[in-house]
Amino acid sequence: MSPSMIPPDEDGVGRADRPLTVVVDGVEVPGVHGQTLASVLLCDDRSHWRIAPTGGARGVFCGIGICFDCVATVNGIPDIRLCRRPARDGDTVTLQSRAPQEDRTAGLSLVQAPGTSEAEA
Amino acid sequence: MTLDTAGTSSARGTDVLIIGGGVIGCAIADRLALTGASVRLCEAGDAASGTTAHGEGNVLVSDKGPGPELALAQFSRRLWPEVLARLAERLPEEVAVVEWEPKGGIVVATTEAGAQALADFARGQRAAGVRCESLDADRLATAEPALTREVAASVYYPDDAQVQPIGAAGALLAAAAGAGAVVETRCAVIEPLVSAGRLIGVRTTRGPRYADIVINAAGPWSGPVSDLLGAPIAVKPRRGDVLITAPLPPTVFHKVYDADYVGAVGSSDAALQSSAVVESTRGGPLLLGSSRRQCGFDDRIRPDSLAAIARKALRLYPVLADVAVMRAYGGFRPYVDDHLPVIGPDPRLPGLWHATGHEGAGIGLSVGTAQLVASALAGETDEVDITAFAVDRPAVIGARSNQPTTAKASR
Amino acid sequence: MSGSGPEAAAERNHAGPPLMPHRHRMNRHVVVIGGGPAGTAAAEAALRHGATVTLIDSNEALGGQYNRRIPAAYGVRRPLDIGHGYRAAARRARGLVEHPRCEYLPWAAVYQIERHLDGGCPAVRLLVGVEGDQRTHRVVQGDALIVATGAYDRVCPFPGWDLPGVYTAGAAQTLAKTQRVLIGRSVLLSGTGPFLLPVAQSLAAGGARVIAVLEANPRGEILRHWAARPWQLRHSAGKAKELFEYAGCLARYRIPLRTSAAVVAVAGEGRVQEATVARLDENWTPIPGSHTTVVVDAVAVSHGFTPQHELAVAAGAALTAQGFVRVDENQRTTAESVWAAGEITGIGGAQVAAVEGAVAGIAAAGGDPAADRALRARHRTAEQFVARLAAAHPIHPGVLTWSQADTVVCRCEGTTRGDLTAAWARTAGESYRSTKLATRAGLGPCQGRICAANIDALRAQAAAHPGPASTDDRRGASDYTPMGLAAASAAWRPLAAPIRLRELADLDSEGQS
């Protein structure tokens, strides 16, 4: 079973959850005020949300901002550690990936660009 | 290792002893071992741990105006792929780590004054045989989609290249060792060994080491080493810092620099100077430079240097504003007041040579320097006139020169 | 002692009489980095000795890891019912936040320590705010600096440890206590050290089934180290009581505690689904034939702790051979005007950290910690506790047999053990820097914080069994750090926290903003 919140009525600290909604890659995901974005994603049955350079999946590992496994883009800012980021209603999360790139020269390199006869002179 | 090869050869002596295991020392060791000379390299710390480890790995022709240094840069740039091909025959894994990328460089002027200065500069370079071409706005945008559109002029230099500097020095050193060179790290020079007015070796922390020729290739520490040897040369440290960003998807495709260095007059200014250098690396992070400051060997990374580098990078790539910088490092370039390396025999002390003072261009100029040294030791001339880098010049061994310093800055 | 004015009023607010006559008080500005048990104790002690304090902490609220708080936005009714020592910690925190001579900076990320050429106390450069928001630059210059930045879990690699569903014990604890999130309903805890116990309690209290707590070290050895010379631990009665509570918790929830056992591998489709548990010999080598497979939702691991000492190193402090910040009997480091306290000086837990913090706070404020004999006695006991903990719960070299060639060692860059050993064979065991270069290990966003200690341990083993002879100088075995601890070079991080380019650009030419 994936991570989940302790049900409020079973929680000894006396909870009074106030819901919020964030958007993850275009999909609305529910959360609770006070949660970090990492918690929100974990509780949304996502144990991972990033691919490491050699293909491994990454979610939360250290939980306190040391390991940088949990980074994602939040409201357009990249490389935000979700475990240190309080969720706010309306936050937009875009997932990042360092999966092995199909094409590392996506921009036209002048070395390969057509019509560069001057350069090759 | 049980064989005390160090002890045996120290009694016999080697043809050459190189002081300094940075890229210059490693390149010379490789080139001389190739000729069959017996070579010993003594490095005070770890191999390629000084300046070489703290640069960006620039192999440039774009930042040099016509003159001896440009000639050496062009010569060296031609040698680089040949040397790597030679090394790759026996050391393919080491050469892979060199990460040779002939990606080309683009200089960008963001002001009209900068554009004019750049055009004049490029004209002179072209006359000296440097391949460069102006880029119009469309071609520039295609080449570098993320670059600012507020560009007054840009010039593309297809021959600028990049290496991983520690990898490069490591490959050269491995090749040298494979050809019989003896490499001693944690081996510092204490004093010269002189006989009948000739330098016959050095006493090190590991004992005496004898050689027919001693080459001072200690980079920014060449000055103190030369003092120790009794033949002081005025090579001084010039601090530079580099920022490394978090890994990015492909964003920057060439080495990109602003044209500030062209218009800069006070490049001998001791205060903080900076001009933008932006480039990508294979692992994904961007390297951002550059800064120059004369502050002795003060190795603190100063916030104003980081701020200047960041500001200049953002002027070229505003899209990088929210990118996270995850690391910074810095090093010391070996600087000479007249902005030329010091390569050749020391007239004051037979047996002593210097190969240093390459400022920010050591990686690029290394294999060319090594070739010149090899030729000169064999009594031959080469394509580039080594006398232009003679030890015997006012900026190196004289009193402070009255000649005007060349207004120029290399990256 | 009576008196008027804010200072005297503040004195009366604190438990205990003022410790120094007014004429001896020096108005030093003490800067404290870290708001956990050590940092808050240091700040409190410095204030009592007349100092002005700037207390810098990276979280929303004081408490560090041990007393990490549920975020206020949760709005829970009993926020202090989440662990040991929360009421005292909350009182201390409130006292600091309200103290007129204490400037408290929450959400503060220190990115650089700036040493001055003429010496003196280094300056602290930081950014205040949640990362990604508009943050505010601050430069804090004091007369004295106390670094109390704590530690984080050390996890030695094993097959599958990089699968989703494997967490550090600290992550499991933080999620359970402060986020009210259980990492799974069926959880296995594995590692070494008493800190596994509070994690078990938090998980169980939250309704998770803790399948077992697996302690890798042998029961006999653990007891031997803890039980010897009990008078040396006489001031740790509180700690003993706490341990009894955990033992009671294990009993109440029927959580088996097994020694000489560990999770040595995990597997699953895209996430952890089962764990392999093995019995270990004294060297932590799995005993053949003792492996069993356990179905799990999640695994939480802690093989000890790595001190987060980079700011102390940046300030010029030297480290011990074990990788902790070296301090004298007054918690003073080798760097001028710099003190250190808490886990970065040695792992000891919250009570030890508080004692060390108090000593550091007094000393940094210009007082004499030895003048408080009760504190001095507690300090000596604290040192004993640290030594016992290290002796009772070491990492043994057999852990290196758990990982395979294809086991990831650097999580950021995906470098495997096989990548590393191949690179070392080629370079004949050169320095850490060469390893980084050939494999990118340690060059990722975490900058080696997670992997450096593990790489050092693997490298030490590789050096003991060298590859082909090299003409390069071979380092002596003594140059390699002992098992399990990060080398000083790996801690050299001039930028200690990520900073955005536009934040750097906003520093003006003087380096201010």
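By written order: A, B and C. Residues from 1 in each chain.
Throughout what follows, a residue touches a chain if its C-beta (ideal position, glycine included) is under 8 Å from a C-beta of that chain, and two chains touch if they have at least 3 such contacts.
Every value quoted in this text rests on a predicted model; they were computed, and no experiment measured them.
Undergrad: Tell me the shape of the graph of touching chains, choosing from line, ring, star, complete and other.
TA: Topology of the interface graph: complete, with all chain pairs in contact.
Undergrad: Which chain pair shares more contacting C-beta pairs: B-C, or A-C?
TA: A-C
Undergrad: Using the mean of all protein Cα atoms as the middle point, what chain has its own Cα mean nearest that point?
TA: C
Undergrad: I'd like the Å distance between the centres of subunit B and subunit C, where a centre is the mean of that chain's Cα atoms.
TA: For subunit B versus subunit C, the centre distance works out to 41 Å.
Undergrad: If you average the Cα atoms of subunit A and of subunit C to get two centres, how far apart are those centres in Å?
TA: 25
Undergrad: Could you say which residues in subunit A touch two or more other chains, in rising order?
TA: 53, 77, 79
Undergrad: At least two partner chains per residue is the criterion; list those residues in subunit C.
TA: If we look for residues of subunit C contacting two or more partner chains, we find 413, 444-445, 498, 500.
Undergrad: Could you list the positions in subunit B whose residues touch two or more of the other chains?
TA: 246-247, 283, 322-324
Undergrad: Tell me, which parts of subunit A touch subunit B in their complex?
TA: 53, 76-79, 98, 101, 103-111, 113, 118-121
Undergrad: So in the complex, which bits of subunit A are touching subunit C?
TA: Residue list for subunit A touching subunit C: 1-7, 10-18, 32-36, 39, 42-43, 47-48, 52-69, 71, 74-75, 77, 79-81, 83-86.
Undergrad: List the residues on subunit C that touch subunit A in their complex, please.
TA: Residue list for subunit C touching subunit A: 58, 60, 65, 70-79, 81-82, 130-132, 152-153, 162-168, 170-172, 174-176, 179-186, 205-207, 270-271, 297-298, 308, 408, 411-414, 416, 444-446, 449-450, 498, 500.
Undergrad: Considering the complex alone, what residue numbers of subunit B touch subunit A?
TA: So the residues of subunit B in touch with subunit A come to 102-104, 106, 131, 133, 135, 139, 142-146, 156, 158, 246-250, 253-254, 283-284, 322-324.
Undergrad: Going by the contact rule at the top, pick out the subunit B residues touching subunit C in the complex.
TA: Residues 1, 5, 46-47, 49, 53, 93-94, 97, 164, 166-167, 170, 177, 181-187, 243, 245-247, 283, 288, 298, 300-304, 306-307, 309-311, 313-314, 320-330 of subunit B touch subunit C in their complex.
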